[in-house]
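Chain naming follows the written order as A, B and C, and within any one chain the residues start at number 1.
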Amino acid sequence: MRNGVVITGMGVVSSLGDSPTALHSSLCDSRNGIRPIQLFDPTGLACQLGAEVPAFDGQSYLSGKNLRPLNRTSRLVASAAKLALEDSGWSESLRSEEEVGLVLGTMFCSLQTISAFDRRALEAGPRFASPLDFSNTVINAAAGQTAILHNLRGINSTISAGVTSGLQAISYATDLIRTGRSRVLLAGGADELCFESFYGFERAGRLCRSNDTDGDFPIPFDARRNGMVLGEGAALLVLEDAAFARERGVEPIAEIVGHGSSFDFSQGRDEQLSAAAVGHSVQEALRDAHVLPHEIDCLSASANGSPAEDRHEAQGLVLGLNGQTHRLPVTAIKSMLGEALGAGAALQAVSMVETMHGGVLPGIRNLEEVETDFPFDLASRDNQEVDVRIGLINSVGFDGQCCSLVLAR
Amino acid sequence: MNIADIRASVKASVARIANLDPEEISDSASYKDDLLLDSLTILEIAVDAEYQFKVKIADELLSEIRTVDDTVMIVQQHLELAVV
Amino acid sequence: MNRRRIVVTGIGVITPIGAGRELFWTNLLAGSCGIGPVRSFDTSAYKVHLGAEVQDFQPELYVSNLEVARLGRASQFAIAAARLALRDANVELASLDRKRVGVSMGTTSGEPREVERFDDLVVAGKLGQIGPEFLARYPSHLIAAHIAQEFQLTGVNTMIPTACAAGNYALAHAFDTLRAGRTDLMLAGGADAFSRITFTGFAQLGAIAPEICQPFDRCRKGMIPGEGAGVLVLESLDHAKRRGARIYGEVIGYGLSCDAHHMTAAHPYGEGAVRAMTQALEQSGIKPEDISYISAHGTGTPTNDRLETLAVKSVFKQAAYSIPISSIKSMLGHTMGAASAIEAAVCALAIHHNRIPPTINWETPDPDCDLDYVPNSARVHEVRIAMNNAYAFGGNNASLILKRCEVAN
């Protein structure tokens, strides 16, 4: 016997808007969140594009709070949390009575702060390192700061699983509610764009080799793709025990019915293993949801324009869905949001819920030519009208993590 | 550096660190009791004073820093020592 | 209650007082101290100079599939501890379905030395010398990923970086995945590497003891940063019996809570710690007075030890005075994300051997810390049920309970 888990609210701070509706309509308008970088000086970098959250410092969402102790990631998370709590009706007074928790997925969290702390110690001497910055160098800092700001005294956890962090966090939170450990949890993910991680990706050869500010690239699944573009943001879902939400008199906006995960130990070097891991993750999620492949109405892919990984994901999805991919509408919203790392899959979840309600699936921006064996006939640059009762969200990391989530309307 | 400059710089630091309006920070206000700052923030203010003015303040003296006046005085003493 | 029972069948540790369960346990009971002058970097610019570093670590002894040079130090520790745990549990990986063998690890800072390398180059104006290795070695999720890569595992793979409580969180998650039937066997624990970043930070907070680590002693002045890894093999009781595995103990429950109070200072009444312990007891279905031994968080800072004592008394009331509670951080220093994993292993060993390790360096009683801290000498003691407590930056608290495995015949 396991408790049902429903979504009762969502909060988003992204390069394409700070509400689920704003995000969704931007995606459906094919607007590009990827622009020339402004957060740091990209001179000398081969890729100078990123999907930043424009003009963000958190003040407008968190007015009246002292934000100095919070780094950018913490502010993104705290802002998205505020929006999600408002969206679901979890007011301050309600939160003083119920232990609302937070499970946050993030890949780097505080890399910028860690580096700044270390560099000041190197340059001026360890005697002058900032104690306040140190408290933010732990990877659970954003979750901790957000809990303090919003009085979230329930279970507080941080999951670090690369690109799949957000989806793993949602899965982890789902299980806590299913087993009765918690009744309400914020769950999702975040990461900030910063020079250190950006440079790391560039030096690893993962970024797209185009600085076309018209933003042709990245183009997930397209035969011309040549790398990802980094993004940032925060997206949090409010997950609740279904019966508890009913008692509260709240109408859920979607239900989480299953999740699964797997791992590719070949680090992307063995196509078969890579695809098998994706396939297994999908199968586990379907099994957990008691759903058959043909019952999936819509798919949100992880594809971000990485030459090998997009391909492995496509092959893996064929395996996971028993070949039932040709008539399955698919989108890849990282075509417009970039690879927002910890926030990525959580943004996919938000977008899927919007698609379920609005009946429109955003197109894959600039998609023109796919490889000959590409298994999705219904991948298009254009929006599609869809009737989604059951949606599948897939997330694939470049260090082997695979995670899949099944939502029901 | 004269006292006025030190004071202005310290107040600017406190304002930045504690997210306060510099006008709200009186010279004698207690960081803890009047400005309601926690120990980590007060420590940050003290370390920031060391950093901005490139002085090293002994631990025992650091823990004596309770107000803007204290901070200014300790910094000034250390700057004078540095010159000598 | 028809729920799967989860047991500990293997223990692997890399610590400042020895590698491997046997040597570690012998040294622990003998009160060996792994604290000494820091060797891995120059501490002359600091006012404190002590650390608990792992000496003479030879990763080549434990890593065979991956290249040691491509692994960060924490990953090396983690793989070593995992290999030792698998050996200790007598696991034949070839006989298991690798899709159902997973990894759940905790950490505080991941691989901070990689950030240090990055920063050293930046400060020296040699940004161009940073290569693909930064992204290939730094992200903290790589600790769990590298374990799975080394042993070619394709099951769940999660990193839970909840700072100094991370080990307990990782073990709790492993427990949950096994109970839910997602996995058959889990490698779970924590790892952290000594770094100047961590050392600098704690030094700046004034948290590092200048001469000695003496938890609960009236003259205690602080903690000593350390490093290491602890990995436990967890599986269902049925699975263990079928394999004929030796069982150290059974994990019967856990409690997680969040202070939502302050990033580095615990709640003034230890309220979060109280909630974590209470939840763990409730979930395990046992009464406070049933606990035979508590492995304390016991860092040795004036505040932690006082608040922890307060919290224990709050939960156990009069029974607190008859339950021995010791801190092995007196010997290992604070091994950060590895700490509570190593301490959980100690609880399992305490149950297995009916012996409890001491809190060494204890000389002067403190009226605020008036419990039985097993001062200075290990003790023979009937340990039926043990509680492992851990508290972290960000207000993350976790308590784990292990019990002697009583199997009905």
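Just so we're on the same page, a residue touches a chain if its C-beta (ideal position, glycine included) is under 8 Å from a C-beta of that chain, and two chains touch if they have at least 3 such contacts.
All values reported here derive from a predicted model rather than from experimental measurement.
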Line, ring, star, complete or other: which one describes how these chains touch?
complete
Taking CA centroids for every chain, report which one is farthest away from subunit A.
B
Among all chain pairs, the one with the most C-beta contacts
A-C
Measuring from the mean C-alpha position of subunit A to the mean C-alpha position of subunit C, what distance in angstrom results?
30
Averaged-CA centre spacing for the pair subunit B and subunit A, given as whole angstrom:
42
So which bits of subunit C are touching at least two other chains?
204-205, 262-264
Mark out which residues of subunit A touch at least two other chains, giving numbers and ranges.
69, 127, 129-131, 135
Tell me, which residues of subunit B touch at least two other chains?
40, 43, 47
Contacting residues of subunit C [partner subunit B, same complex]
47, 204-206, 262-265
Would you mind writing out the residues of subunit B in touch with subunit A in their complex?
16-19, 40-41, 43-44, 47-48, 50-51, 54, 56
Subunit A touches which residues of subunit C in the complex?
45-46, 99, 102-103, 107-110, 112, 115-116, 118-120, 122-123, 127, 130-132, 134-136, 138-142, 144-145, 148-149, 152-163, 169, 173, 176, 179-180, 182, 196-197, 200-205, 256-264, 272, 275, 283, 392-396
Subunit B partner contacts - residues on subunit A that touch it in the complex
66-69, 120, 124, 127-132, 135
In the complex of these two chains, what residues of subunit B are touching subunit C?
38-40, 43, 47, 59
